[in-house]
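Below, chain A partners chain B and then partners chain C, in two separate complexes.
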Partner chain A sequence: MAVAQRVNATRMELLKQKKRLAMAKRGHKLLKQKRDELMHRFLELVEETRGLRERVEEKLARGFRSFLLARAEMSKEFMEEALMTGASSNGALRLRTESVMSVWVPRFDYSDRRDIYAYGFAATSAELDTALTIFQEVLPEMIKLAEIEKSLELLAEEIETTRRRVNALERVLIPQIDENIKRISMALDEMERSSRASLMRIKEIIHGEV
Partner chain B sequence: MSLALLETSFRQDGAYAFATGQIRALEAKLLDGAKYQRLLDAPDAIEAWRALAEVGYTKATEVRLDHYEQALQSELRELYDLVRRLTVRPRETDWLAQRYDFHHLKVYLKAKLLGEEPGEGVVPGVGLVPPKLIETAVQTEIWSALPEALAHAGERAFREYQTTKQAQTLDVVLDTELFALIQREVSGHPYLETLVALWTDLLNLKTLLRAKLLHRERGFVERALLPAGMLEKSKLLKLFESAVETWAEELRHTEYGELIGRSLRAWEEQQSLALLEKLSDDLVVNYLKRAKLALYGVEPLVAYALAKEIELKNIRMILIGKLNGLSKEAIAERLRVSYV
Partner chain C sequence: MSKIAIVGRKDVYLGFKALGLNVIDARTASQAEQAIQELVAQEYAIIFVAESLAAELGGVIERYRKGATPAIVMIPDNRGSLGIARERVRKLVERAVGIDILSRKET
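Moving on to the complex of A and B:
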């Protein structure tokens, strides 16, 4: 049960509390809408990330298997030499942010124009081509996955905050204001009855004297 | 796979009588099918490492399993010490070790271009030229300090890189220079000439197939193909222009028709060229086995050295497979055929 605040039982205070109640209810409605929309976006992203994560994990497993086989075919020194120049420039990752229901989520723009097969074919295993092809394919998907999973984390935090606000309005503030209004109204009614009774008594006394 | 089309003749050389005797004794210690099976049957990498000591690698397995690469490297070093000791005319076997000189040259050239340390790309003690000498020549660009073939290759690779600015140019130039050198060095030895031609063809076919699958242009293939073995460069380029489905048919009159056919079927099923690499090595090992027919000569020594390298590759495959939880069957299907 909401605990009523100590408020002055005046008509002005009653008006103030009624305005607060209207505003709290409007805020509650808006926050509920925001929470529902955030949940909707969150679930959409969950759905998207589930398929994407499965694809990424499946591709990485294939990539690592191929890399493992390439590593088994080639000695450590030949593998080192083949991959020495593979990581050279021309891959670009840019970060920007975008507002989703006033949550700033990351957006990555990735472009890759690298020639990853920067080694000779005579001293290297063909499995290395397969592994690198898979890794190159999966990298943009991993970046997308990171973007979505970070967005999910931020949205989840915002949903939690919004849910707490909605609950606070619904279970604390609004009942508290309701209680205040009720008390003030009762107090004012009481005061009105009391003054009416006084007036009636005064009237009786005046009439009795006459 | 048949090698029936290949003629074999040896240059009997009495000077190698002692070396051949020693090689025959060492050949008996190479791993056979039963010993490989014993390694494969080991439940994990630690057990496989222990089993390796039991099948003859006692010295190598004195180190811990974590250092298996160093152990294999030291086996390789011992192998090349043996080759240097047993060879009568170094020119006949130097090309085996020169492959590592070219590898070191690649490492130091790439390190120079990146402005970095060469990392773990060097195999000390295996090549003919000390890696430090190659490093200094690359750093100073004074190539004359190196043996002629290596100096020429290094200079050309560096020059061509300046034009293309692609690191792959270094590999392509050095690989072609290396195989041109090997072909020169083995000329006059029918067995070795055929071996190198077979090896070159297999590498060229692998390059062709990889380039096709990676959608490389004809210009790249022209540069990347090694100096022709038994298959002419023009034939290989014509093959590259045609659809891969026709390759097995085009090569049916050579040793490679069946190999390409089976490899392409495996590619369609598993998107992997592992079978091509295995069948290529098997073909080379089956050819190497013919050196057992030589009474004496350089051939058994070369065959033993290459067979031992393939054995080390098999051991690496078993250990890496076991360390990473690959099934016994998955490892076994990639193992190369045994020389013995």
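Moving on to the complex of A and C:
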């Protein structure tokens, strides 16, 4: 239990503490809802990324195999040249950001209808075509993977801070206010009892004299 | 328009050049680190990093964790997956779910 700050035992203070308690409870409820929703989205993404990464890794492995074969068959100069011709623009990727419970996560839209086989077929091997086809196929999935893994990172961070706040409210602030309220009402009751007792005593004295 | 780059051995990732990605040659972690910093400065949105290099790049990757971009993602090279990327996701899950996962049910 945290050290409760000293508060004056007055009716004013009691009202103030009660208001604080209501506010803290409301905040606690909202944060808990936020945390649960974040967690929900997070776990959805975790599920999504698992299969996706497997697919990407499997396809990349196939692509690299073909690509390395192609490289073995072709001269380095031809290879570089063949690949450069397609690499004029670098822009089929569009970036947006989207808010998930006030966390800004990236959304990548990728569209590429570029002809990647922009090289002469005479000096290139068929394996190169295969490799590039696979790479072209896997790239959108890699971009999706980037989007999801980045979102996971950002969500994980937000979940952590939200959970910390929920815990702080739940275990520190709310018990502290509860304690304050209890102490003030006890003190007020005590004061009331003592004033009543002294009134009774005074009454007795007055009656005794008459 | 946003840009994509791959950092890793050039002879492995060269094929992606045909798809318009910028392929930066890096064979050591320090080369990769420098490449990543330059790419971030040039506002690349997605940076793919070879998993074999990424193992030693924890600090750099961590530095750019906040903000929607850049998204730095590990991909395997020709030697196949090393499981580092998976491990990273697993750690994230652990961090997000925490040990609270069981006590969460009762609230």
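Observations, loosely collected:
In the analysis below, the second predicted complex is superposed on the first by the 207 of 210 C-alpha atoms of A that agree within 3 Å, B and C clash if a C-alpha of one lies under 4 Å from a C-alpha of the other, contacts with A are read in each partner's own complex, and residues count from 1 in each chain.
The rule is short, and it goes like this: contacts are C-beta pairs under 8 Å (C-beta built on N, C-alpha and C of every residue); 3 or more make two chains touch, one makes a residue touch a chain.
Please read all numbers here as calculations on a predicted model, not as lab measurements.
After superposition on chain A, the partners chain B and chain C are seen to fit next to each other with no clash. Of the two partner chains, chain B and chain C are each touched by A:80. Of the two partner chains placed around the shared chain by superposition, chain C is the only one that A:46 touches, whereas chain B remains out of contact.
More chain A residues lie in contact with C than with the other chain of the pair chain B and chain C. In the superposed model, A:129 lies in contact with chain B only, and not with chain C. Touch criterion met: A:68 reaches chain B and chain C at once.
Within the superposed three-chain model, A:150 lies in touch with chain C and out of touch with chain B [touch as defined at top].
Seen from the CA centre of chain A, the centres of chain B and chain C span an angle of about 20°, rounded to a multiple of 10. Figure legend note: chain B and chain C, brought together by superposition on chain A, show a least Cα distance of 7 Å.
Judged by the document's definition of touching, chain A residues 68, 71, 80, 82, 84, 88, 118 lie at the interface with chain B and also at the interface with chain C. The touching residues of chain A, counted against chain B in their complex, run 66, 68-69, 71-73, 75-78, 80-82, 84-85, 88, 115, 117-123, 125-127, 129-130, 133. Residues 69, 72-73, 103, 106-107, 110-111, 113-114, 116, 119-123, 166-168, 170-172, 174-175, 178-179, 203, 206-207, 209-211, 213-214, 224, 226, 271-274, 276-277, 313, 316-317, 320-321, 324, 326, 334 of chain B touch chain A in their complex. Considering their complex, residues 1-4, 11-12, 14-22, 45-46, 48, 65-66, 68-69, 71, 73, 75-78, 80-81, 85-86, 88-89, 92-93, 95-98, 100, 104, 107 of chain C touch chain A. Every residue of chain A that touches chain C in the complex is listed here, in rising order: 32, 39, 42, 46, 49-50, 53, 56-57, 60-61, 63-65, 67-68, 71, 79-80, 82-84, 86-95, 97, 104-106, 108, 112, 114, 116, 118, 128, 131-132, 135-136, 139, 142-143, 145-147, 149-150, 152-157, 159-160, 163.
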